[in-house]
Amino acid sequence: MRILLINPNTSRAMTAKIADAARGVAGPDVVVDAVCPAVGASAIESHVDEVAAAAAVVELVAADRDGPAPADAYVIACFGDPGLDAARELVDAPVVGIAEAAMHLAAVSGRHFGVVTTLSRTLGRARDLVGRYGMDRACVSLAATGIPVLDLEDTGSAAVATIERFAAGAASGGADVIVLGCAGMADLCAELTARVGVPVVDGVAAAVGMASGMVRMGLGTSKRDEYARPPRAFVSGGATPPPPSADVEVFA
Amino acid sequence: MRILLINPNTSRAMTAKIADAARGVAGPDVVVDAVCPAVGASAIESHVDEVAAAAAVVELVAADRDGPAPADAYVIACFGDPGLDAARELVDAPVVGIAEAAMHLAAVSGRHFGVVTTLSRTLGRARDLVGRYGMDRACVSLAATGIPVLDLEDTGSAAVATIERFAAGAASGGADVIVLGCAGMADLCAELTARVGVPVVDGVAAAVGMASGMVRMGLGTSKRDEYARPPRAFVSGGATPPPPSADVEVFA
Amino acid sequence: MRILLINPNTSRAMTAKIADAARGVAGPDVVVDAVCPAVGASAIESHVDEVAAAAAVVELVAADRDGPAPADAYVIACFGDPGLDAARELVDAPVVGIAEAAMHLAAVSGRHFGVVTTLSRTLGRARDLVGRYGMDRACVSLAATGIPVLDLEDTGSAAVATIERFAAGAASGGADVIVLGCAGMADLCAELTARVGVPVVDGVAAAVGMASGMVRMGLGTSKRDEYARPPRAFVSGGATPPPPSADVEVFA
Amino acid sequence: MRILLINPNTSRAMTAKIADAARGVAGPDVVVDAVCPAVGASAIESHVDEVAAAAAVVELVAADRDGPAPADAYVIACFGDPGLDAARELVDAPVVGIAEAAMHLAAVSGRHFGVVTTLSRTLGRARDLVGRYGMDRACVSLAATGIPVLDLEDTGSAAVATIERFAAGAASGGADVIVLGCAGMADLCAELTARVGVPVVDGVAAAVGMASGMVRMGLGTSKRDEYARPPRAFVSGGATPPPPSADVEVFA
Amino acid sequence: MRILLINPNTSRAMTAKIADAARGVAGPDVVVDAVCPAVGASAIESHVDEVAAAAAVVELVAADRDGPAPADAYVIACFGDPGLDAARELVDAPVVGIAEAAMHLAAVSGRHFGVVTTLSRTLGRARDLVGRYGMDRACVSLAATGIPVLDLEDTGSAAVATIERFAAGAASGGADVIVLGCAGMADLCAELTARVGVPVVDGVAAAVGMASGMVRMGLGTSKRDEYARPPRAFVSGGATPPPPSADVEVFA
Amino acid sequence: MRILLINPNTSRAMTAKIADAARGVAGPDVVVDAVCPAVGASAIESHVDEVAAAAAVVELVAADRDGPAPADAYVIACFGDPGLDAARELVDAPVVGIAEAAMHLAAVSGRHFGVVTTLSRTLGRARDLVGRYGMDRACVSLAATGIPVLDLEDTGSAAVATIERFAAGAASGGADVIVLGCAGMADLCAELTARVGVPVVDGVAAAVGMASGMVRMGLGTSKRDEYARPPRAFVSGGATPPPPSADVEVFA
């Protein structure tokens, strides 16, 4: 089977890193491809970035679906799970977000988990997802390390040490399991597990595991009503806003 | 004060209708302008449409903010409240979604309300918003009439009668107040109130009322952390997907 | 339009102060009147006081309704929102509590808010209201300053400084917005916003804004079932308990 | 020990009936007295009535506390549990509401219960109490029979048959236990249990059982903070509203 | 009436202590018996112990039910309430768990309670019970003292002092009432109440009070559906696992 | 890798059927073994049966762990997930319940799911698990077909048709996905998906997918605190209760 990883930011280095992490944990019957948009946000660190990321996910999933060999499953490799509902409308195959997958597996690994993520301004989105996935009881902490996403492109010891510190704090505060709150942390998972002493979950690996399990058992996205094919193709105004005279009519 | 209504679909007829409804309930000190995107979804009826709508909201709010006379408040005139969090990052002024405003005022008008909306596939999004705004107890029903959004451009008797039927059903099922689940229903509010016998809330009017009250008391959007200015401007791939060779790198 | 503010304690100085605060933020088409009971609790600082306050609200709303020029909307100017449900039974006009209004607008101004109030013994009531209004996710802190209500009649620097300290603590603990938990703090709102650096919401101003918006859009209290006119007029035993022989029959 | 039952409506016939029901299930070491107010609401069927009932509870508990032989526990014999928090401030002894007691015992008797009460307009209050007591999962139905409270003074076959019908409906809809939603139904409990075939809980009996158990184990009302003695005695405007010139100052 | 206390661990000393505590608070019409299993866990301090405890409860309740004079009510005297649902299937009489009873009465004694228990590894189970009994709002803290259950067999000053310290911490953190999280603490309740200054609830006493109240009012376990007699008698593999060849078939 | 399926009832036919279903969806690198107890409940259809099932799970997991080649993951193949917490204490490997796994994957496949299970008396347990796993929003219906578990040993057309009818009812009532509420239905999953037209999830397949994904990514059970090795081995009284004189001491 073929799984397509979608990194909705424009960092090719991070996309390659995520693909490596996914391949390391995929079963022998799984091929992992990875894509990222050519134009878009360089990192997903705000709600405005999330909107750009959602647009990129929609465009990349639709392009793959309409290509010669559509994937058997799609993984959205950004912790905000941008465009998840929209992508589910586009395909019959399973679509799995990495926040979603990480939380579901963390809840099986232990009673309570803590999320360790990048910038504090993204915590609101993370908390929304905790609620959406029914993890209000399971998730006992959300912590921001202050590390910008792109500092994770080339992970140096500083980032690992900082993440370890927050992860250890979460564990001593009641988290049985740590969830890494950024796809860019995927390569740090094994080292952090060893250092912190409790299981550490990378969402990319979790999503690949869930998605491949779903493909093997023939479980895709329900096309009943909400996730049925959408009534029209995605069209958006584009990167350069057109001049107001043409684009925006003011009804004053 | 000046309030900018943002209709994120491309229907100019609907934008004009919404603007009229808003002006009818605005205070004497309020000027209402309305805009819609030149390129985008013709109606917001799916999660894919929601992504396009969010992109339109971001672009239109940023354009107004950077224009000669930015608005004192922004109203997102689409019941999915697309792009609400992102718009709040962009400005210091209040940003009010019509679903949000309708639910807050409905909860003051009566104990329980019911939402009557367009297509059943949009109910998932509506339910998410009910949860986000803390209305799980207040909202006792969500009903889809099956009326497509664009059938509301020119409201004929058929649409009113259908909406009335669902609203009356909600009232007899325990809803003290009816919330109209589409900006395109704004002009029907008074007639439906008279027909159904319980208060009917149009989100456009509700949002204008909340936003103008916030402006008068000097209450804008908190810029602390989550809604602080975002780290980069909005850039998205555009309406026409670039060719795969340029846009999408496959890390196979 | 005419809005009647009801201060359910007997402090005329505080009633005048609240009226001034309300008039400062009312639209040009709004007349604000304010009343307080002649007999009752001098401050609302306990559940026993809340019962007296609810009785005062019922009596004052009924008296206004039966007077020559009933108000177009009623605001209950006490943070416990005493008598809110009962007042809604009495009139067709909107009835807005200041806790309710402050929380609804705070939730539009930012993601999370904190309440800063007077005595710790009132926190239970405040928490009940947080739950009733669906604000369990939005409200991240409730803090008591220890300032008695009547110390707020003539606000000196000590009270402002104390409230500022608690508000700043709430902001640094995750509150994007501060809600003032006592009508007697209404005149401090602007100064506190400036000092603390995040929006501060006074419920009196918030309620006037919501109520006037509701009047302009023709939205009153739903009279369906729960808030229909009550089956009998309010009668209570009065300030001086009658002698047991007459008033209380013991069935021993 | 002595338990004082407080019926907050003015019906002496109902007070006597409630006292009889309580005595039938009290332990051999329990004396049950019952009181009702001389002036007040003849039945508690609206939020306005609830305010009068709360005032009556406060006055009657305070009078008993200040009398020669204060009770060892107080039971508020009205299903809205009016004045419960206020009464807890007044005494060190346990204060138990009949809705509260009925729900706690119903949750021990079976997994799910249904409430069968009087008028539909009281369901909002009942639902509030379900939430307050943490019974959102346990309570699976709330049904109003349409029987006015005072029709229960002299229970005829019509009322029993109607209640039985609603109770049977609740049981077939998933209720393992039926909670009677009015103190005036206390004498029907045994007959209804026999007829419906599932346990039927009368709150008066439940409250006497809980209260006497608490007295025996030395468990009273916590006086920490919220329920500490209130800062001032209860004073309210009284049954006859004073003339506006004296009572109500309008700050216009 | 006769109440049977079931201590599901094998400590006869603790069983005797629990029985004494129960008798001290039982009404004059109540006979209290107590049993414990001959074979099983010596203390209930893990989920594995909980499984053994549930098996013991099932066997002891069934044995009493089939004996010459079945009890009128059963109390499960272990804070995990092991086997509660299963025991309810076995008898028509009330079955009350001590965690359940303690939480229900604590919620009547004050607004918020804190639980003080033995080992931290049992907190997950305690939190589950808080959720099951609807106490998420009422329970504000769960604290583990680190005291092993069997150290409570002979209570020395060290245990009391440690529990007092945690109880005082809970009270200063917002708990109006303390719930003792182990049947083995039953004899310390009065002394702790005196030392800590807020009500302290022992679940054994609470359960005896609730159970005897239920018996007096004729309220047993609902036999509708879920708690109807089970389809087969309890049979389990026993203390010594049989050899794999006979007992376990591997379908490899 | 090797996964051990534990069927906690004594039906060897059902154990073989479950093993077949699991093998059909396991990856090429997965070996599936299956066991069931020699002594215990023939079907798990009551809370008493659940206690026996939990004891069987504990004994079978411990036996495998202490055997020559412990499994890499354990699946509890009974929809009540009996003994799940206890099994997690016993091993470092992942332990996955089939109810848990089915609900997690159903929530990824669609927005809302419905459970279709065997006897109505088991719905209480199913609802508890829905709450425990955070699925209160995702799960929109729980339906009992009335089919006893052992009727599923040899699935005839009657059972399939009945299950299809309930599944179709759930789908038309809002379920995007159907969860089969009994391990004995595992072989019907594909046929039901085809018949009902929405995804149908068998928990055995789901658990094998989740467990094998966890093994590949090195994610086991957190051993922090709650799931650390238990303080003593499992000992229970056994199938034949010892005579009262030896086993049960009555402290009368």
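Going in written order, the chains are labelled A, B, C, D, E and F, and every chain counts its residues from 1.
Operating definition for what follows: a contact is a pair of C-beta atoms (placed from the backbone, for glycine too) under 8 Å apart; a residue touches a chain by one contact, two chains touch by 3 or more.
Listed by chain with UniProt protein names: A, B, C, D, E, F = Asp/Glu racemase.
For clarity, every value in this text was computed on a predicted model and none was experimentally measured.
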Pair of chains joined by more contacts [C-beta pairs], A-B or B-C: A-B
Residue-number overlap at the chain D (Asp/Glu racemase)/chain E (Asp/Glu racemase) interface, same or different (half cut): same
Chain C (Asp/Glu racemase)-chain D (Asp/Glu racemase) separation of Cα centroids, rounded to whole Å: 27
Chain B (Asp/Glu racemase) and chain D (Asp/Glu racemase), separation of their C-alpha mean positions in angstrom: 44
Residue list for chain C (Asp/Glu racemase), restricted to those that touch at least two other chains: 111, 124, 131, 137, 225-226
Chain F (Asp/Glu racemase)-touching residues of chain E (Asp/Glu racemase), taken from the complex the two chains share: 12, 15-16, 19, 31, 33-43, 45-52, 54-56, 58-60, 62-63, 67, 83, 85-86, 88-90, 120-121, 123-125, 128, 131-132, 225-226, 228, 230-242, 244, 246-252
Contact set on chain A (Asp/Glu racemase) toward chain F (Asp/Glu racemase) in their complex: 25-29, 94, 96, 100-101, 104-105, 107-111, 133-138, 171, 176-177, 189-190, 193, 197-199, 201-202, 205-206, 208-210, 212-214, 216-227
